[in-house]
Every structure is written in C-alpha cells, then in structure tokens.
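What follows is a group of structures, each given as structure tokens.
One chain, chain A, links the two complexes that follow: it is found with chain B in the first and with chain C in the second.
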Partner chain A sequence: MTSLVPHVVNGLTLGLLFALIALGFTLIVGVMEVINLAHGSLFTLGAYLALSTIGAGWFSGTPFGIWWLDLPMASRYFIGLALGPVLAGAAGMLLELCLRPTYGKAPLYGLLLTFGAAIVVEEAIRLIWGTGEQNMPVPQMISGAFLMGGLIFSTYKFYAAGFAIVAILMVWLFLERTPYGAIIKAGAHDSEMVRALGYDLARLRLIVFGFGSALAGIAGMVMAPIWGLRPHLGIDVVIPAFLIIVIGGVGSFWGAVAAALLVGMATGITGAYAPAWSLMSMYILLIAIVGFRARGLLGRRSALEN
Partner chain B sequence: MAQSKISRRRLLTTAAAATGGMAFMGPWMHTRVYAQATAKPIRIGITSDASGQYANSGAEDRRGMMMAIAEANAKGGVLGRKIETFHLDTETTPATGSRVAERMITRENCGFLVGAIHSGVANAISQVAQKYGVIYLNTNSSAPSEAGQNCHRVKFVFDANGSNFAKAAVQASIEKFGKKWVLLTNDYVWGHSTAAATKALLKQFGGEMIEEILVPQGTRDFSSQLLKIQQLKPGAVAAAIGGDDQKAMRQQIAQLGMGDKTAWINNQQDWPDVYGLPLDNLFGVFGTTWYYNLDLPGVADFVKRYKTMFPDTAIKVPGNVFYNGYWAVRELLGAIERAGSTNNIKVIKALEGHKMPARDRMQHHDAWIDPVTHQVQQSIYLATANVGTKDPDDMFKILGNTSPQEALDPDASGACKLESYESTPTFDA
Partner chain C sequence: MITLSDIPARGGTPFTLPMALFVAILATAPFWLQWVGLYQYLGVEIAIWILFAMGFNLLFGYTGLHSFGHGAYLGIGAYGFGLFQHGVAVSLWGGLLAAILAATVAGAIVGAFLSHRRGIYYALLTIGFGQVFWFTAMKLHWLTGGEDGLLNIPRPDLVIGPWRVNLNDNAAFYWFVAGITAVAVVLMWRVVNAPVGRILQAIRQNETRARFVGYDVWRWKWLAFTVSAAFAGLAGGLFAMAQQSAYPDVMSLHQSGVIVMMVLVGGGLVSFWGPVLGVILYFIARDVLGGLTEAWLLWYGLIFVVMVMVRPEGLAGLIHTMARRAPPAVAPAAKPETV
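On to the complex of A and B.
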C-alpha cells in the first residue's frame, strides 16, 4: 500500500494540471455555450509568446534585447507569464469578433469556425517559430527535484500544481465575489434579461472569450516545461479539456475541477499499474460517469430528464 | 453529287465520345505503356508524415529525399528522364498511409513510393504498394517486423532496426549496468518488436527483465512511469519511445535529474527528436546510423551541400533521418540506372543484394541490401551526450561502432517471406 501513496500524490498533481488546462475552456462553454476548438492552439500560442518574451524574441541582438537578457531569469519568466497570456487573450478576442455572425445559429457553425481558427493559429506558429521542438526555460527557484519518501519528484510540477490551485481560486472568486462575475453568470443564464438591464452583451462576450483564451495561454506557459513545446501541442489539450467538462457537467465550474482531479487520478494510477490503459482510462471514466449520469457530475438537470 | 457534311451535333458527339474513351483508358494506362518510350518524368510519391507524432522527423526525411532528387535532376535525371515528386501527408496514421498510397498509385501515377517514420504507417503503405507492384522504400521506420513478418517483395528498408541497435548495446550494457532491466516500450509495432529483440538478447546474455512498462502513443506525462521505475530500482532501463512522446519523456527525466541516476539505454535516437534541446535532456546511451561529425571522407562535403540547399531550416546540420531519406532515393535512382529500365521487377532485382562501399555511404563498414529481408545492413553507432561541447550542433559523442555482421537481426530472415516475382504485378514506371 505504501507504494500506492506516491502515485496518489502524483495523480492529484496531474489532476490539478488538467483542471488548469480545462479552466478557460469551461468558462467559455459555460458562459457562452461555444465549444472553442481553438482552445489548444491558444494554449500553444500563449506558451510561444511567453517563450519569446523570456528570450527577447524579435528584439534579440538589439540594445533592448541585450539589456533585456541581462535581467534575472525569474523577472523575465514572470513578465512572460503575464504577457504571453495577455496576448493569447487578445487573439481570443479577435476570434470572438469573427464568431459573432454564428451566434443564434446551429452550434455547428461555431464549431467549424473555431476548428478553422485552430488550424490557422497552428500554422501561424509554425511559420513564425518554426517546426522544431522548443525548450521553455524556468527560473532556478522552481526547477530541479526533491526527495519525498525516498523517491524523486519534480519541483516544477509541484509549483505548476500550486499555481493551478491559485488560478482556480482566483477565477472562482472573480465569478462569485465580483460584480462583473455576477454579470457574466447572469449572462450565461438569461442573456436577454442582462441586455434588458442595460448591459452591453457584446462587450461581455468579448471579455469572457478573451479571459478564457488568456487562461488557455497561462496553462500553455505553465505546461510547456513539462510537455515540451511544439506547434501541434494544442491537439494534446483539446481532447482532455473537452472530456473534463463533459464528465464534470457542462457549465459547472466545480464539476470541471472535480472531473479534472478524477481524470488525473485515473491517469496517474493506471500509468503506474496498468500503463497501457493510462490514456484510455479517461475515456473509460467518461463512459462510466456519463453512462450513469448523463449530465455529468455536477451538471444541471436537462429538461429531457424530467 | 452527294456532299459529305459533318453536322455540329455529330462533331460534338464524336469529340465527347473520344474524350470519354481517353478518360476511360486513363492516365494510368498511358503512363504504363508509353513511359519508357518518352522522356516522361519519373514520378515518385513521397509518403512522409507532415503532421502527428513524427511530423518533425517526416520533414527531415523529406529534405533528404529532395536533396537526392535535386542532385539527380541537376545531372540530367535518370535514363534521360527528370524526376518529379508528389507529396501527401500520411499524418502518422496507418489508415491515412493506406489511403495516400492508394491515391498516389492509382490517381497520381506515382511509379515509386518513398518515405516512412512510423512503422505502422510503413506497414500499411507497403501492403498497398505490394498489391500494385509499386516499389516502396521505407526510409526511417525501424520496427524489426518491417524486415521480418511484414516484409514484402516491393519494400526495401533503409534504416537499421530495433534489433540491430539492441544487438549493438545490450550485451555490453548488461556487463556494465547489471542484469535487472526495465523495458519502457511505446505501445505500437515499433516499440513491441524492438522490445521483443531486447528481451531475446537479455535472455541470451543472462539479463533479466523485471518489468515492461507499456507507454501508449500520445503520452505527455511520464511521471507515473518514472515513479514506478524508481520503485523498481533496475540496473538499466531500455527505452523504445519515439517522436513527441520521447521529447516529453526526456524533458521530464531531465527535470527530475534522473538522467544520470539510472542507466538509460535508448534504442535509437533520431536527430530531429533531440536537435536544439539542452544537453541534460540527452542522457544515457543511444544508437544511430550516422552522425554529421564522423571523421570520414565525404561527410564535410555532404554537410555543406545540406547547408547550401536548406539554409533556412531550423536543423542546421543533417542527421540520421535526413541521411536515410537521402540514401534511399540515391539507391533507388542508382538501381534504375543499373537496370537500364524503370520496370519494377528489374529495379527490384537491381536493389536486391546490392553492395554499398563504406566510403560512398560515409560509414565505417560496407553496407548491403539483404536479398532475403530487403533491409539495408549497415554500421551502427553508439553515442551519448557530448557534455562540455562549445558547438551547439555537436550534441553527440560517438562511443563506438558495430559492423553490420555483428548487428545482424538473427530472426529476420526466418520471419520474412517475400512474395514471388511472379505474384508481384509488373509494369514500367
């Protein structure tokens, strides 16, 4: 049994990372009812933009670039952590403007548009940064490894899991404890009423999409040192994110977090004891949960269930 | 006097019938019958992956082929015919590989197919190629089964395989690192057949496999597997993990500092998978078929030609994947020259048993195309990270080389049953 403990700990950290990946996706689906298939590409874009920020990017070789690279790695990393997601959020806002003609139409239109956007973003990354593998540097203070119970664990992974907890709580506090969060939630429940009360619904959607995309960018930057960074990284993100919101219940914030933890535990433990099933385990979990409870763990009851 | 007059309707009907008839005969027939008599270009279908797990290696594979074709065309082509290429993405997916091969042969009139990284894709393509008798060069997929139970008369395998690399590494590693091994195996045909070869060698040389950890393709988080390895405390870990999976694994092992705490025997290390990564990601011992810094005649010139042709590519120097893509096409074109024909059976016979001097191939030992398995038997190099290098491109330190005779896969010839010449469709490309 003692040998199981490290795998449970590992599964929980993995679950928190999955929650971070799914956070922006959940927000956009929950509030706007748009399945954003470009989520993975925005995740990757955020990471690449952060990478360029850390490494001086296009200013490399200029006096500014030389001055920039003289700054401590930690400073550049945390500026990258802010700037990369902000720019990914801006790209998300641009995508939302393109999405507007699809509102009120069949969901397939939005789905196809975001699918197309995913390909465009991925190809743009390939053109700008090249096709090869990139290495995201991390500050000394969060790199390396530590011993726990005689086993080596990655310091960075625990930092990333801690970061995920903070991000989840911040998003929840924003939605639950700020007036703007209340408007966003109200917009998700009854957009016509929100509009009738004088709020600019178009601006609200723009901000939500931008916020969700920025969260994708944050997740990209945090995950890149673990998963590596390459243009098609996005494909590894969309499927788990989608599974998590379905398992958790579409639109349920805490449902998505609980689902991410379950997926992390399932992947982590099968990875140790039945590794050939580790990727399959999340699909089995999906079938098991949705089979017994179609609306997911904490999803709202459908009218069809009454 | 009756006047012969063709009405407009009759003219149109005749023209339509003629066009329809030509369409029915199809470009396929046209190519096959008249190709030899005309200077019609030789059309090669490039079947390398441009997306998915092996997209990066696929691009390097393709660059190798393109350089060989550009050099041949600069000399006037082969048999007086220029070489044309047609590329479709095989998406690192066997089903797509089948579709691409079918289309290239039946609709795009490709007389030869070249390119593979993923062994499942290579196997799928070769089944279609055999059906039509089209010669297919598997450039870079290295499952032992490709020259074993999945061999075909039309298929030639240019990379060394998992069994060759294992033969070069396992015995010495047992002596150095101990008998207890864990196998970390990508859960598809290359991983499985490479692991089977390693297991056989462990048994032969007194080693013991204490666990085999199967890693599904597409795995991005290896923390569970790495914890498990720590718990098992093996003497060595034989890893057969490829492409993006391997990149993620290397990064995570480096983060944990496990690279020098466990003896890692990485079966084969494709250059595009590690190029540009920090050296601490390049731990353990690994195999390759070629390195751009080998101190052999011709290597410097080959590297210079690469740099001239691809000045903007992110990979600044050629690696094993490029090398195999290049040599596969070079040998195909050489075989057409020797055969004096593009007839598939004649070209197959020109390739079978063909000997390639070490000096030409820029390796330490002479190579040959095994007539029984259709695999290129060649030198194997064992390498490790070139710690302390000042040149960012010079990532490998070559530890030694093994001759093709020593690295020969003993089971391949028994497992491979080539189709007869008679049962292979024949045509002129």
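On to the complex of A and C.
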C-alpha cells in the first residue's frame, strides 16, 4: 500500500490545480448561466501573455527590453503573474460584450458563441506566438525538487497547490463575506429583483466575466510550468473544468471543489495502475456520477436544463 | 427569430424544387468543379460531410438535442469499415454495413444513457462520451493503430451484376459517394416530413408537453440519436474509403465542434437544407480563405461568432427571410386601395 502514497499525494495536488482551473469557470456558470467554452483559451492566453511579460516579448532588443531583462527573474515573474491575468480579464470582458445578444435565448447560443471565440483565440495565439511548445520559466526559489519518503516531488507543484488553496479561499471569502459577493450571488439567484433594487446588472455581468477570465489567466500562468505551453492547450483545459462543473453540480462552489479533488484523485490513482488511461478516468467518473445523479454532487435546478 | 416549424413541412413527394436543384448540383459537380478552380476530391469530401451533417441535424435542428461529440460516430464508422476490410473480408457493402452497424450500436448504447437528460446536461454528456471514444481510439493501439490510425484501407471494387467499377478512379468514386448521399438525403427528407419528424419537432419545442400528449419522449430521443449515429457511421465508412485510412482526429472535440459550426452557419436550426449550405460554405471557406491565409480558421471563427450574435438562424434563415420579405414589399402598397 505504501506505493500508493505518492499517487494519492499527486492526485490531491492535481485535484487542487483542477479546482483552480475550474474556479473562474464555475463563477461564470453560477452567476450568468453561460458555459464559457473559451475558458481554456483565456487560460492559455493569460499564460502566453505572462510568458511574453517575463521574456520582454515584443520589446526584446529595445533599450527598454534590455533594461527589463536585467531585472531579477522573481520580480519579472510576479509582474507577469499580475499582468497576464489582467489582460486575460480584459479579453473576457470583450467576450462578454459579444455575448450580450444571446442573453434570454436558449443557452445553446452562449455555448456556441464561446466555442467560436475559443477557436478565434486559439488561432490568434498560433499566429502571434507560433505553433511550437514553449517553456514557462520559474524563479529559482520555487523550482527544483525534494525527496520525501524516498520519492521525488517537484517543489513547484506544491507551491502551485498551495496557491490554489489560497485562491479558492479568497474567491470564497469574496463571494460570501463582501457586499460585492452578495450582489453577484443575488444576481445569479434573481436577476430581475437585483435590477429592481437599482444595481446595474449589465456592469455586474461584465465584471463577473472579467473576473472569471482573470482567474482563468491566473490558472494558466500557474499551470504553464507544469503542463507546458502550446496553442491548443485550451481544449485540454476546458474539458476537465467542464467535467468538474458537471460532476460537482452547476452553480455549486464546494461541489466544484469536491469534484475537482475527486477527479484529481481518480486521475492520480489510475495513473498508478494504468498510466496511459489515467485521463480516461475522469470521463468514466462523469458518466458514472451524472448517470445516477442528474445534477451532479451538489447541483441545483438551473435554467441551463431547458 | 424564425424556427424550423415556420418553414412548413410538406408530406408526399420529396421531389421538390430544392431537391431537384440539389441532385442536379451533386450530379453535375465533376463537370464544373475544376472549371471554377476547385478539385475533384473536394466534391467527395463535401458529399460525405453533407451526409454526416444531415444525420446530425436530425438530432440538432429537428429534435433540439445538442450533441457536441458527434465526430465519435463518424470515427467509429471509419474504424468499422477499416477493421472489416483488414479483419474479415475485402468487401464494399460488407464494410459499409459494418460501419453503419458499429456506429448504430455505439449510438444506441450512448443514447440509452443520454435520453433521460435535457438541455445543457445532454450536451455535456455527449462531450463526455465523445471524449471516451476518442481517447479509446487513441490508446487502443492493437485495434486502432493509435494516433496514426488504420492505414492502407483498400477501396474494394463496386460490383453491380456483370459490371465491375474500380473505385480507385476518382470520378467513379465521386459518383458512388454522391449516389449514396443523394439516396440518404431523400431518405432523411422522408423521415423529417413524416409523422416521426413532427414528433421530434414537438420534443424540441416543449419536451414536457410532448410527454403529456402521450409520446414516450425517452424512446423518440433515443431513436433520433441512434438514427443520427447510423448516418454518421455511413459517412464514416465512406470517409475511410476516401482517405484510405481511419484515424482518431475526426473524433476529437474540435472536429465535433466543427460539425456544429457548419450546421449552424448553414442554418440547420431553421431549414432542412441548412446543413448542405453549411458544409459547402465551410469547405469553400477552407479552400478559399485557406489559400489566402494560414489562419483561415481564425476568420471562419470570427464569421461564426458574428453569425451567432446577429443571425443565429444562419444562411438558410437569411435566404428564407429575404424570400419572405420580397412579396410583402408589394402588399403594403396595395393595402390603401382596399381600405
């Protein structure tokens, strides 16, 4: 049994990282009932933007670029960590503006529009950064590996998992303990009443979408050193995010977190026995859970069912 | 916004003007394709995808069930054809039957899981199943050849009585595919304009009400999915012949999304002919835009996004609205005289 421990640890960290990926996705689904298939592309976009920030990007060769590259890696890294998500959030806001004509129609249109947007963003990334795989550098202090119980673990993964815990708690506190969170949740619950109370719902949606997209960008930045960066990463990312939402139940915050841990564990433990099939386990999990519980673990009734 | 039901269904003969036009275009394509700057193989591809899109639209447009994993059944059909040629016998009809059968069985099993679901959960489960099939095709090396797929699938000769036609000839192969597509389209026309088609449309408009009227909604949804998968399987068998290989790429989520895009852009939500228009537009866009720029998919994606925003009823809806707008332009002018 001892041989299973590293796989469980791996599965748990993977689960936390999945939760980080799904965080922005669940926020947008919960509040706006839009399945944002462009989530993965915004994730990738955020990571690429951060990569360009760290490596001076288009300024390389100019005096500014040379000065920039002289700065310590860590400071460039943290500026990238801030800038990538902000720009991804701006792209998300643009997407929300495009989504406006689809509100009030069947949820299919939102799904289709974001699918189109996903393709557009992916192709744009291919055009700007090229098709090859790129590596995201990591500052010295959080890279490397360590030994635990005779097994090698990557330090960065643990930092990333810790970061995921902090991010999950912060989003939860934001939703539960601030007046803005209350308005967002009220908007999800009864948008007409929120509008009647005088809140600008259009702006609220814009902000939520931007925030959700920024979370996607953060997740992209954090995950890029682990998974590598390639233009079609988006589709590899949006699928787990989306399985997690369905397994957890649409609109449930802790349902999504629980589902993410479950999916991570399933992937990690399958990896112990049949590494080639480890990604398959999440689909089996989806079919098993949704086959029996139509609304996932903790889901509530949603307009998306109509 | 207009819907499919606004374009009235006609019972009786499928030999309408659009059908005649469609068959005429399909039949004459080899004579003018090269003349307009396209190539023979494109005709084969378009005919196969029309077949696929037609079957898909039975589910998507008519029944209102949004499958985002439909590429899987095309792929299963392709593997079915290929495995039959390699493992059982080199036979044209046997291979195509195997393709249809494989996709139908897969569709029937998946449909049984899906048919209790509605709306977005239905769509999500189709993605889940689609990914399972895609992943299996990628990993089951001994059976499917993994990522490279099955190679060297033969194109058996077509034997009708004393005639033997070599389908390795591109023109002959085109006629063969076009013939099957034409038959399938006529068949589909009959299905959607029969009472079955009405029931499926009733389910799209209001599933609860259809159930209260007394239809066994589960069974009809299951049937629509299975028939749709069978069409995809046939298209897949032909696709394996065309490519002389079968590979998992067509089963990916990306490809499954592309078929949704094609059908929507063409106007599958509002018209029987929507999928045909959509497929033609997609392949012409691929070749024309693709000739101009590497990033043609970027432009096609942008067109798609704008289309969903301003005109979700697609090309067919646009044509329909324009055709309908033309007569009333005369009518208001006549009105004052009668008052």
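Observations on the model:
As a working rule, the second predicted complex is superposed on the first by the 299 of 306 C-alpha atoms of A that agree within 3 Å, B and C clash if a C-alpha of one lies under 4 Å from a C-alpha of the other, contacts with A are read in each partner's own complex, and residues count from 1 in each chain.
Note that in this section a contact is a pair of C-beta atoms (placed from the backbone, for glycine too) under 8 Å apart; a residue touches a chain by one contact, two chains touch by 3 or more.
Since we're looking at a predicted model, the values are computed, not measured.
Model built by superposing both complexes on chain A: chain B and chain C clash.
Look at A:Glu123: by the touch rule set out above, it reaches chain C but stays clear of chain B.
Contact with chain C, but none with chain B, is seen for A:Leu111 once the two complexes are overlaid on the shared chain. Of the two partner chains placed by the overlay, only chain C lies in contact with A:Ile35; chain B stays clear of it. Touch criterion met: A:Phe153 reaches chain B, while chain C stays clear of it. By the touch criterion defined above, A:Ser213 lies against neither chain B nor chain C after alignment on the C-alpha atoms of chain A.
When the two structures are aligned on the shared chain, A:Thr44 is found in touch with neither chain B nor chain C.
Using the contact criterion defined above for the overlaid structures, shared-chain residue A:Ser281 touches neither chain B nor chain C, since it reaches no partner.
Mapped onto the common chain A, chain B and chain C collide along 97-105, the only clashing stretch among 7-15, 61-69, 79-87 or 97-105.
The interface of chain A with chain B overlaps its interface with chain C at residues 232, 276, 279-280. Those residues of chain A lying in contact with chain C across their complex are 35, 98, 101-102, 105, 107-109, 111-113, 115-117, 119-120, 123-124, 126-127, 232, 235, 239, 242-243, 246, 250, 276-277, 279-280, 283-284, 286-287, 290-291, 294-295, 302, 304-306. In the complex of the two chains, the chain A residues touching chain B come out as 3, 6-7, 10-11, 13-14, 17, 130-135, 143-145, 151-154, 156-157, 225-228, 230, 232, 236, 267-272, 275-276, 278-280. Interface of chain C with chain A (complex): residues 1, 66, 113, 116-121, 123-125, 127-129, 131-132, 135-136, 139, 253-254, 257, 260-261, 264, 294-295, 297-298, 300-302, 304-305, 308-310, 312.
Listing the residues of chain B that touch chain A in their complex gives 51-52, 55-56, 59, 187, 213-216, 218-221, 223-225, 227-228, 230-231, 244, 247-248, 251-252, 255-258, 261, 272-273, 275-278, 281, 314-315.
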